[in-house]
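Presented sequentially are two complexes of subunit A, the first with subunit B as partner and the second with subunit C.
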Partner chain A sequence: MLFLSEDGFKRLLNGLVSSRNVIAPVEANGYFDFKTIKHAGEAFLDYSNTRLPPKRFFLPQREIVFKHDPKTGVLHEPALGSEAVLLGVRPCDASALSVLDNILLKPPNPDPLYESRRRSITVISLSCAKPREECFCNVFETGPVRGSGEDITLTRITGGLLVEVRSGRGQILIDGFASLFEEAGAQHLEKYEELSRRLTKEMSSRIEIARERLVRLEETLDEKFFQNEAQKCVECSLCSFACPVCYCFDTEDHLEKNVYVRAKGWDTCASPVFTRMASGLDPRPSKVDRFCHRFCHKLSRIPMAFNAYGCVGCGRCVSLCPAGVDIREVLKRWG
Partner chain B sequence: MGLNPYAPKPVRIIRIKDETPDTKTFTLSPNLFESFAPGQFAMLTVYGVGEAPFSICSSPFDKDRLQFSIRRMGSVTSAIHEASEGEEIGVRGPYGRGWPVKEMEGRSILLVGGGIGLAPLRSLILHLLENKNNYGEIAVCYGARSPSLLMYRDEFEEWIRRGVDLHLTVDVGEGDWKGNVGVVTTILDKPKLNRADTVVCTCGPPVMIRFVLKKLVELGYSKENIYASLESKMKCGVGKCGHCHFGRKHICLDGPVFKYSEMLELPRGISPF
Partner chain C sequence: MSRAEEELRSIARRLLDRKEVELIVGYEYHGGSVRPCFVSKPEEAGKLVWNAECWFNLARYLRGLRGLRIGIVAKGCDGRSIVELIKENQVDKGSIVVIAVECTGVLKPYKYGSNSADRRLADYCRRCVSRVSPVADYIVKQDGQAHLVENPVNGKDALDWLSLFRKCLKCMSCIKACPLCYCTECSIEGFKPDLVHRLRVPQELFTFHLTRALHMAGRCVECGACESACPVEIPLTRLYHELNEWFRENYGYVPGVSVKEAPPPLVFKEGVED
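Entry: the complex of A and B
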């Protein structure tokens, strides 16, 4: 572990912004969102969490998959991701990237678009000081101090930040600013442990479950419970689109200046056409079926197929749902 | 960047054959697949329109061409039906797990098809006939809604000549139809096979598969030896788009062919049970 003083942190920020493309949380219209910043002062790091996760920098809402020129037969591959530093990501959102790695990089067909962005963006996480009411990262051990998909973990303690290098990419960045860091002392580590203990205790007093039991969701579906909950759902899909893990995509083809283009973009399993085939047959025809799938997919089906939970406890779906659907109710019942 | 698994490669439609009033068989060349197993599928692209999954219906031993039988249904299939010979379309694959040809060796085989569900079974029939000595008796029970909807009718004689015990049925007879009338389960008892040691492969509409599985067990076929090919909407074919993730399985990666016991574990809706 390394220690970075508050002054050192300012100099690191300035150094990063002047030498690299830096994406950080900024305040706009009463919300926090990730944006490319030009000056270190634009970064707002004392925030609870951003309205939307930084997923779109790795998995854009819409991206070109290929272009095919029928005249020349040339296939244009999409552009590679460009180098950037994503700074100030909360541990839950950083952990979501490691879940996406399990899914999208799984052999034998890793998603090359996602892979190139994961390679070119260095992720620096920042511990939470005050978890929000709707947060439940403790359930999946994805925070509130340390996540699992970041290259560098920053933890704010009194007087500065503790720095943990988590990957080779993180080490390269740190090496470029070596003079700013010092080895963390016993007093720093003590503060770190204390913060970690306090936040974990605070969060587990809100909700504590045995998550390995969630697989039972799949085995014994409580139809009555899901029927009641699904009645509230208005199928707006906000939960999917605000989720740092939801990765399902749709494709769209069109002709653009005599060149064929295919784009892929975010899709949602709440959509009534998500599984409906051209013949009209639909293995998931009712709202209750789709509602059940959303939770089973995250808590049981993704874990079985990809060895990671499809939820990181960021709480966005809880706070954004216009109908009051709350995934924590599902967790409490089955976990 | 690694190989782009989402980008199809262009091939030409070299032949279009009217199979039934709503289904055409398209022959594509060249065959860009090094090899494929009967029962595997490919993603076909009509450039500028879209992409969808289709079972390969040609012989795995045909190294020059690929064939797909396609029923006019939605935007992609309608666009393919509008295409002419010589036109370019995109193909990528082969994907998924096909029929269990290894487990079938040395045993008798029953194939049960309904409507266009005969397409992936045709690839298997052609594979079996090419390796006839490795397999026991081969019986096929095939049904369609009406005689004009029977697929590959001009190939039946050849299959029978090469040793296939073929039984046909239609839901509703028409014209000079003299064969069996009734759903496919009404002819499942016709093939005289050692039922306990026969591998059964079935493909057709979900409701047909449900009743075929039930009838097979009643007739004494072993659940251990029963397989079905299931269908689902797909956008990628490689386990990334999420559309065919049901229960613990991806239809595109773990299927489309599933064992009886695996189908029991699939969630309601996609499971034939």
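Entry: the complex of A and C
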């Protein structure tokens, strides 16, 4: 572990902004969102969390998979990710990237576009100082101090920040600013332990479940419970658009100035047309089916297939749902 | 608990007790906020709440609950959308009991990623035309609270809609939260014609929003549910308000005010030419 003083952090931030493309949380129109910053002062690091997760920098809402010119017969490959530093990601959102890594980087279906962006963006996480009321990252051990998909973990303690290097990419970045860091002393580590204990205790007082039991969700499905909950759902699909893990996509072909373009982008299982096939057959025809599917996929099928949970406990779906559907109620019932 | 809330609960309890309704659609506490709830047992009526956090328009649920006798907690604008739904033959007035709650305006919802200091009256509430639902079986008055609308704004300052639409995620929650967006074959979500595709961003954001705006013109009751549900806070109600203003100026029609007043686009007199 390394220690970085507040002053050192300012200098690191200035150094990063002047030498790299830095994406950091900013406040705009009353809510927090990630944006490319030009000056270190623009970064708003004392924020709760961003309204939308940083997922879009790795899985854009729309991306071109390829272009094909029928006249020349040339196939244009898409542009690969450009170098950037994603600063101030909360541990839950960083952990969501490691869940996506499990799904999108490994066989049988690795996604080269995701991989190229994942390679070119260095993720620096920042510990949560005050978890929001909707947060439940303790359930999946994705925070509030340390996540699992980041390259560098920053933890704010009194007087400075503790720096933990989590990957080779993180090490390269740290090496470039080596003079700013010092080896963390015992007093720093003590503060870190204390913070970690305090936050974990605070979070587990709100919700604590045995998550191993969640895999049974599908076999022990309580239809009455889901029917009641689904009655409120308005199928707005905000839950999947705001989820840092949801990765389902749709593809679409079209003609653009006489060039064939195949695009890929976000889709959502809450939409009634998501599983409707050309024949008209739909394996998930009712709202209750789609509603159940969301929870079963996240909590039972992803764990079985990819050895990771499809939820990181960021609480966005809980807070943004206009009907107040709460995944914690599902967790409490089955966990 | 306020006196209004107490009165609301006792009305709900009585309705369920006497089996006058099978279900009450209202609001309940959820964490530090409020969410919609369905109450079917008299002993559950105690969880109903009414305060300035209740921004969701519960009339959204009425079509889905057809066939049941429903009691609904309605703000002024919720009531206006019930009026529109009755006029459009989507809801049978005989099967619903409206518990009108006097509204002093709702707060802009405090959602994930909001700056906590920013708790203010929702913009659309400043253009409110009715604090109490025009259809009401029961009226719950607020206890002497002043209307939260202090400085009515005329809302004429120009907005850069192009850059606002550019933020849109096409999650379509504006459509889904709207009580009056009920087409089973939605012109935006449908594939024939493939007018707007979820993947074509930002290409079709203007088509999407303007199509919806035209469908809402002269119908929108400006309850603001779309705007409050929107994750990127596009002030959609402003757009629909401007179209409504055009209707008001040209036809003297304000949607949702009276069940008897027919919407001008639906009035067609045979043989009349002008």
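In the analysis below, the second predicted complex is superposed on the first by the 333 of 335 C-alpha atoms of A that agree within 3 Å, B and C clash if a C-alpha of one lies under 4 Å from a C-alpha of the other, contacts with A are read in each partner's own complex, and residues count from 1 in each chain.
Heads up, the rule we're going with is that a contact is a pair of C-beta atoms (placed from the backbone, for glycine too) under 8 Å apart; a residue touches a chain by one contact, two chains touch by 3 or more.
The structure displayed is predicted, hence computed values, not measured ones.
**Q** Would you check which partner chain A:Glu218 touches, where first means subunit B only, second means subunit C only, and both and neither mean what they say?
**A** A:Glu218: touches subunit B, not subunit C.
**Q** After superposition on the shared chain, which partner residues are touched by A:Asn49: those of subunit B (first), subunit C (second), both, or neither?
**A** second
**Q** Examine A:Leu238 and indicate which partner it touches, taking first as subunit B and second as subunit C; both and neither are also allowed.
**A** It touches subunit C, and subunit B stays clear.
**Q** Return first, second, both or neither, reflecting whether A:Leu104 touches subunit B, subunit C, both chains, or no partner chain.
**A** A:Leu104 sits against subunit B, while subunit C stays out of touch.
**Q** Is A:Asp267 contacted by the first partner subunit B, the second partner subunit C, both or neither?
**A** In the superposed model, A:Asp267 contacts both subunit B and subunit C.
**Q** Touching A:Ser116, do we find subunit B (first), subunit C (second), both, or neither?
**A** Only subunit B; A:Ser116 stays clear of subunit C.
**Q** Per the contact definition in the header, classify A:Asp250: touching subunit B only (first), subunit C only (second), both, or neither.
**A** In the superposed model, A:Asp250 contacts both subunit B and subunit C.
**Q** Tell me the contact category for A:Gly168 with respect to subunit B and subunit C: first, second, both or neither.
**A** Neither partner.
**Q** Can you list the residues of subunit A that meet both subunit B and subunit C?
**A** The answer is residues 250-252, 254, 264, 267 of subunit A.
**Q** Which subunit A residues qualify as touching subunit C in the complex?
**A** The contact residues of subunit A facing subunit C are 27, 29-33, 47-52, 61-62, 132-134, 228, 231-232, 234-238, 241-242, 250-252, 254, 263-268, 271, 273, 315-316, 318-324, 326.
**Q** What residues of subunit C sit close enough to touch subunit A in their complex?
**A** 30-38, 56, 60-61, 64, 108, 111-116, 118, 169, 171-173, 175-177, 189, 191, 197-201, 225, 228-229, 231-233
**Q** Which of the residues in subunit B come into contact with subunit A in the complex?
**A** Those in contact with subunit A are residues 1-7, 9-10, 45-52, 73-77, 88, 90, 205-206, 231-233, 235-236, 238-243, 245-250, 267-270.
**Q** Enumerate the contact residues on subunit A facing subunit B in the complex.
**A** 65-66, 68, 70, 73, 75, 77-78, 80, 103-104, 106, 109-113, 115-116, 218, 247-255, 260, 262, 264, 267, 269, 274-279, 281-285, 289, 293, 296-297, 301, 304-305
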